[in-house]
Amino acid sequence: MHFHESDYCNVNRIPVSELADGQQLEQAFRAADKQLRVNRQGGKYILLKLADKTGVLAAMLWNADERTYDSFDRGDFIYCRGRTQIHNGALQIIVSDLERMDPSEVDLEEFDRYDAAKSEQLVGQLRENFAALQNESLRRLGDAFLADDDFVSRFCKAAAAVTNHHAYPGGLLKHTVDMMELAKLIAPRYPQLDADLLIFGAFLHDLGKIDELAADGEISYTDRGQMLGHIVIGVQMLAEKINQLGDADFPSELRLHLEHMIVSHHGILEYGSPKIPVTLEAVALHHIDNLDAKMSSYTSVIEADVSADGNWTNYNPSIGRKLWKKRD
Amino acid sequence: MHFHESDYCNVNRIPVSELADGQQLEQAFRAADKQLRVNRQGGKYILLKLADKTGVLAAMLWNADERTYDSFDRGDFIYCRGRTQIHNGALQIIVSDLERMDPSEVDLEEFDRYDAAKSEQLVGQLRENFAALQNESLRRLGDAFLADDDFVSRFCKAAAAVTNHHAYPGGLLKHTVDMMELAKLIAPRYPQLDADLLIFGAFLHDLGKIDELAADGEISYTDRGQMLGHIVIGVQMLAEKINQLGDADFPSELRLHLEHMIVSHHGILEYGSPKIPVTLEAVALHHIDNLDAKMSSYTSVIEADVSADGNWTNYNPSIGRKLWKKRD
Amino acid sequence: MHFHESDYCNVNRIPVSELADGQQLEQAFRAADKQLRVNRQGGKYILLKLADKTGVLAAMLWNADERTYDSFDRGDFIYCRGRTQIHNGALQIIVSDLERMDPSEVDLEEFDRYDAAKSEQLVGQLRENFAALQNESLRRLGDAFLADDDFVSRFCKAAAAVTNHHAYPGGLLKHTVDMMELAKLIAPRYPQLDADLLIFGAFLHDLGKIDELAADGEISYTDRGQMLGHIVIGVQMLAEKINQLGDADFPSELRLHLEHMIVSHHGILEYGSPKIPVTLEAVALHHIDNLDAKMSSYTSVIEADVSADGNWTNYNPSIGRKLWKKRD
Amino acid sequence: MHFHESDYCNVNRIPVSELADGQQLEQAFRAADKQLRVNRQGGKYILLKLADKTGVLAAMLWNADERTYDSFDRGDFIYCRGRTQIHNGALQIIVSDLERMDPSEVDLEEFDRYDAAKSEQLVGQLRENFAALQNESLRRLGDAFLADDDFVSRFCKAAAAVTNHHAYPGGLLKHTVDMMELAKLIAPRYPQLDADLLIFGAFLHDLGKIDELAADGEISYTDRGQMLGHIVIGVQMLAEKINQLGDADFPSELRLHLEHMIVSHHGILEYGSPKIPVTLEAVALHHIDNLDAKMSSYTSVIEADVSADGNWTNYNPSIGRKLWKKRD
Amino acid sequence: MHFHESDYCNVNRIPVSELADGQQLEQAFRAADKQLRVNRQGGKYILLKLADKTGVLAAMLWNADERTYDSFDRGDFIYCRGRTQIHNGALQIIVSDLERMDPSEVDLEEFDRYDAAKSEQLVGQLRENFAALQNESLRRLGDAFLADDDFVSRFCKAAAAVTNHHAYPGGLLKHTVDMMELAKLIAPRYPQLDADLLIFGAFLHDLGKIDELAADGEISYTDRGQMLGHIVIGVQMLAEKINQLGDADFPSELRLHLEHMIVSHHGILEYGSPKIPVTLEAVALHHIDNLDAKMSSYTSVIEADVSADGNWTNYNPSIGRKLWKKRD
Amino acid sequence: MHFHESDYCNVNRIPVSELADGQQLEQAFRAADKQLRVNRQGGKYILLKLADKTGVLAAMLWNADERTYDSFDRGDFIYCRGRTQIHNGALQIIVSDLERMDPSEVDLEEFDRYDAAKSEQLVGQLRENFAALQNESLRRLGDAFLADDDFVSRFCKAAAAVTNHHAYPGGLLKHTVDMMELAKLIAPRYPQLDADLLIFGAFLHDLGKIDELAADGEISYTDRGQMLGHIVIGVQMLAEKINQLGDADFPSELRLHLEHMIVSHHGILEYGSPKIPVTLEAVALHHIDNLDAKMSSYTSVIEADVSADGNWTNYNPSIGRKLWKKRD
């Protein structure tokens, strides 16, 4: 036992996003992941991911033993003493001591990236968006989704990606509502578009991610996500909901248009859409999805960058470029 | 009126597949397609597709009028007088007279590419294949498909493609049963494969084509086929059938494997699979599909070739090559 | 001489966009192009493009002689007698007689696709957009462009493409102002963007097309357009204007950002951008350009489609798909 | 000297394929490779590949000196004391002591991946396959290959790849005979195929690998393999053998077909075939090669996988995916 | 019989390369190709290729009968009356009468594109290039090629391509000697190159085209060319010649380098090289081949262009561009 | 203080290019780069790049402190004690002591890769090349560049790349003059080329690199280089110089040809040319650039290679191959 409970210092906890190089720290984290590893010389160490709601950092406990490793589970809260350092351009924590905490000992609000109030507000916005639709079938379908408590609760906590854009619990809902707002802004500029269709397509396009990604602990692919992908899953979710409505009532051509927007929203086959967009609404949906996803992920790259160069981020292989990061 | 019914010569009708250059002919065809066109000088002509069960040829009726054009519908039988010729390397028919026939006047057996006896035999083979499966869930699922008369009847008449491999009514069933035979031959050579899974995957992989392609008259894409594609439709058909079985009874992991084989059978994203194969059975299925489809389509190219060169077909842009066609 | 001037029937002229199959017509057109051709049998005919402000159609005068061919120049107005027909799915005109007209004999307003009033309104919108910029340097630069009468006049009449989106005189201005409106709508949703930069980038991105494309008569590439392209030309035009402002006054980093948005707006090297976007504004600009260009060109494809199929356009090779064209 | 010969413990030697994490071991290995390396701090260590016939593992001897490094050669047998551990998801051995052994001290049968009995059996199968050919020229050519003792002996020991499918001495023979079996199974299903040609093509297609890869010690490319590749080498080997037969006797068109199957069996130019398949036999050969190579390499990936996740292998960059590895 | 022999006008024959639009002509041609075709209305016509040594033009004899078609063979000389015209931007000849000529009636020198004197001179240059080599093995090998009369005679008449660069009898020799000259110029600028190797590689690189292309009549692929390609054939030709020298005498590493230059000279797999260049000489060879082939083919495009636009050729799909053709 | 000035041993300094494995050394270097890093255990070390004019090597000072790190700046001369070793196949230096030196203490000539005498000679060659041009406008333009002292001085010191071909101060001038020599050699072989244009294009093609790359210290991209690239910058530099000449005097078509050669010299869009070459001179320029760049970079790869294998370099990912390095 390295700490006494009374030692826990919950005041002035530094959020992960505000940690800087060379800081001593002694505070609580959520152990988002843990692995017992062996270095080349055969020594054991624990590789950790330490998280709070503002972010996640890699951490190392050198010269670890299996007892320490077994003393907590993934997802537990742990109290850590250590210091930060930059290694290969990324901030990490060298932990010298750690100890499992009881959830009652932490301020849960600091650890849950999932922001219930924010989600509630976004669901409200969703509800308003549905209410404003002209097309009654779509309005009823939207309401049916919102009336499904299990769906709403899982939707609220879903992430939109493992490492890319909106990669946090609640990220999917945020991306979805943002897309609907873009759809509402853009539709009036192109009268050839059926605005309701585009807005509802924005709602549906990524729903399959609710089942593609496991949201508990580290975001990761489910078996079903790995084998079917969110596009096929999304089509299945839509089918289920329409079936609940009573299949007969829902216009079949409208359903086809909704399914097509899900199926084609990646724009080209190479990106996993089995069909390319062939309706104007599907074309528009693809482009505003692209815009929103790129703005979100590129901004994350800039925010996460720790390079010393004042003007440029490090080269980021997943986006194939350095980004200009200087803001006036 | 150009012919008298008594003039109809149904004896010695030359099947389309046996027509050669420079033949006079006077016999019945099915009008698979008709278009009234204008040439550059403003003269009207009718462009036809004349078919029987052995094939289809383009045909022209020069100096046509609208009355003639309106005198028959697509799909009708017409009695034609004309002669064959080769134009741009393809055989065609120059029609001088034509007249709508009553179906009672033709030997229907000569016009229906769909071979009911063959289909019945193939369905029998399907039934045996299902009966031989070890896995009871798959056996029950297979039986459920066969118990669905509407499904069986549409499956029997479906084509596997518009212009490619197995592009004729009944072609899908043929390709499906051939694939299952390949699966049965190959599975024992790779004990790491779950033979039942591979065999059932062969059955399922292209089922979506039943709804992707319209089989009546010329084979063509349905709206749903164009917007969703046979992969997504196939997943939907499987869901429906499993739902009918009673969802609860069917093992969920097994279902996932079946869905995955449908989803990934094109092998790569560029060819319209939203996910690449990640199970050994899906990998094997992709490769035997590729083998059977290529053997079928390349053989069709050779059979349809009319080039004068004894050793080689004409260059075929869709397969990007000439084929060696000389057979000893 | 085939017509007497008194014969000219200027009343009830049918605009090109309203012509349908099988119409007799006798009215004025602009001869957008003319070619004297020989058919395979050696007969001469004139291939024409007949235009008014609503569109352009191919036309043929069979059995033409050189005297007729020489009787008018490209760009002249000609009075034609003929009829329309559909050939290979496209509407064309078979001209039986034609005669050069004096411009005084036509209602010029019907032939000029360039809509001066519309352009004036768009330039006004441009002026307002510049006035609303926070950044003084950009505001001054924008005003300098508008103060250059020669620039404004050429900008107003420029097309944005030869055959693609906004392919008509005035199309570039329309696309430019539409892009600025999109930029104004979208910028507030992404506070990480410098709105002024994005809006000004929208103004600049395609300016090089003023010199890349010749706007008189048929839209076509200039030598300079062919050899440098509108991206390099655009950078040159910006340099010239900044030089006129007095180089010293303009912030060099701001200039670099403007140049970068021009240079990178095609998004990837394969589409002719020598550098990919590395600023958030350049990334956003690329995506809204893509959105606006696709919405414009796909809508044109639908509007221009003459296929008989009620739901789908013909397959369009340049966009690699058929489009759903049914509107409720 | 760390061990006494009498210490050698040859009983209960654990085969490489059965080693697990955290085992102490003291037993003989073949030193498939050795490198003297310097770590970042300047300390020397020996990086080894320790092999027996069941597999190969990386191993490290820390704090090594040059005397130890020089005490044995690549290919020698060494007696090692050490323990296993998992590092970055792969099993490795930390060696604490090692000593060169005389070959007489080991049970050679345990170290020779090359399985002479298996090879003999496969050569027998080859002989039967040749005997069953209808085509006399091919039968004679096959017999000529088998009559060439040097060829047979090198063929038996050749590997089919450095790291991919069938990457072990004898792997080429195994892959070749497996391919011939597939050819024999599949040919009857496609009567349009010349079965003899396909079967003989399966025999020939990868023969060039005998000279492309050096089989002694670690499998690696020869200079000739690097500069010409097994396709060109294979064509050369066929030429030599036909020349020995007496060139005049062998039908030239048949020879061309054999050469073409070698040349085109990779299917597309991008994979190193200078010509794509243009005969049905070459097309079929490419596809069954693909099937057998993929089944072999993917199964190897699954067998070699040490990830903790029960359902999935680690992501494997060379095949671009994780594989489902759970077997019921 | 349309002409009397005495009518033959051999004076002032206009070479094909000097024919212009709208000329009446009555003179001899070689019938490089002939096809009896049927037009859409069923009328027969003969499609001809009329050639002399300066070029080849398409020609049409309308309203032809089979007797006329049978009155001459491909390759015969025919006397034609007709006139030239431009059709779809290409010059062609409308033939009104034609008649087979006896070869004795024509000035053979005017019809043979193959220029014996030129070839003799180029072979002389080849001989000098070989004599100047430092490397004795290469000198002997070169002499062996030149001592082979059959080889020299076939080499002299070979074309380097069907439609691309140096696509005429003698073109291969020209391209080969030009490449050797480039090699001689460039090698001294890069002392790291083995000049002899590069020069000899230039000699060898395309030799396989002698057997890949049939040079009699129209240039076309042989069966062997189609199935193996000139790279594999070239390696075979080198092997044969070295075997004749006596295999034992030729340094094996030198041979490997020669083979590698043949194998890799297309530079990348996608262009049909089964291996990419890995020696500096092979890298240099690829680049000078590229330079010479492009200069030759692009110049041909410019010379063959008949577009009216003074500055630009028509768009040429095989090179994916228009070329600037204006020469001062 | 680890050394006394009197200790400095400037005699027998070993140039970087001659250092070998396992050498003790004590001598001066230029600190081309320095980074303070933390290893996984939290220990600090300095990562250095130690350079002289013959090359640059990575170096490590273990167990460093911030005082040492701060005791010298990038670009300073430092006196080092240490030893060389090979790590992961690359030579590096383990530094045990280091100390900043005053520039007066080193023989500057040994550290400046920039060779002023060589540059002077190359500028002389440039001057002669310009003097030999037939085209007066080009001669005047060339002289104007040479009359600009600032330009000449920056050109002399510019590198042609960061890590690729001619990646050293002075490398751009070398590449440029080499290209001009190639142009002079090759132009006479293709009379269809305008030699002056090609030679001047060779001069201009990479000039933009003067501003794209920062030459002081480590070669790296400038902001402008990153955002515009040397192609766009090169066009801007040409414009400036022509403006200085007095725009009116310079023939506009000639200018367009010069600009086009700069713009298109990468040959294809994928490599960053916004337009592909459409003049014969631009085509030729692209190919000789390719040849010279490849010969230079591949030779560098061979020279820098430290693999033990006598025949082959290590696999080099940036060129996608191993190179044959054995020289006789």
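Letters A, B, C, D, E and F name the chains as they come in the text, with residue numbers starting at 1 for each one.
FYI, a residue touches a chain if its C-beta (ideal position, glycine included) is under 8 Å from a C-beta of that chain, and two chains touch if they have at least 3 such contacts.
What you see is a predicted model, and the numbers here were worked out from it, not measured in a lab.
Colleague: According to the touch definition, list the chains common to the neighbour sets of chain E and chain F.
Modeller: Where chain E and chain F share a partner, that partner set is C, D.
Colleague: By mean C-alpha coordinates, which chain is most distant from chain C?
Modeller: D
Colleague: Comparing residue numbers, which of E-F, C-E or C-F shares more than half of the contact pairs of A-B?
Modeller: Selected pair, repeating A-B: C-F.
Colleague: For chain A versus chain C, what separation do you get between their C-alpha means, in angstrom?
Modeller: 43
Colleague: What's the distance between the Cα centroids of chain C and chain D, rounded to whole Å?
Modeller: Taking the average C-alpha coordinate of chain C and of chain D, the gap between them is 62 Å.
Colleague: Where does chain E touch two or more other chains at once, residue-wise?
Modeller: Counting only residues that touch two or more other chains, chain E contributes 223, 226-227, 278-279, 322, 324.
Colleague: Chain pairs that touch, all of them, please.
Modeller: So the chains that touch one another pair up as A-B, A-C, A-D, A-F, B-C, B-D, B-E, C-E, C-F, D-E, D-F, E-F.
Colleague: Using the touch rule from the top, collect the residues of chain E that touch chain D in their complex.
Modeller: 223-224, 226-229, 231-232, 235-236, 239, 253, 256-257, 259-260, 263-264, 269-275, 278-279
Colleague: Which residues, counting only chain C, touch chain B once they are in their complex?
Modeller: Touching chain B: residues 60, 62, 83, 85-87, 94, 311-312, 322, 324 of chain C.
Colleague: What part of chain C is in contact with chain A in the complex they form?
Modeller: 178, 181-182, 185-186, 189-190, 192-194, 276, 278-280, 283-284, 287-288, 290-291, 294-295, 298-299, 302, 320-324, 327-328
Colleague: Okay, in this complex, where on chain E does chain B touch?
Modeller: 37-42, 223, 226-227
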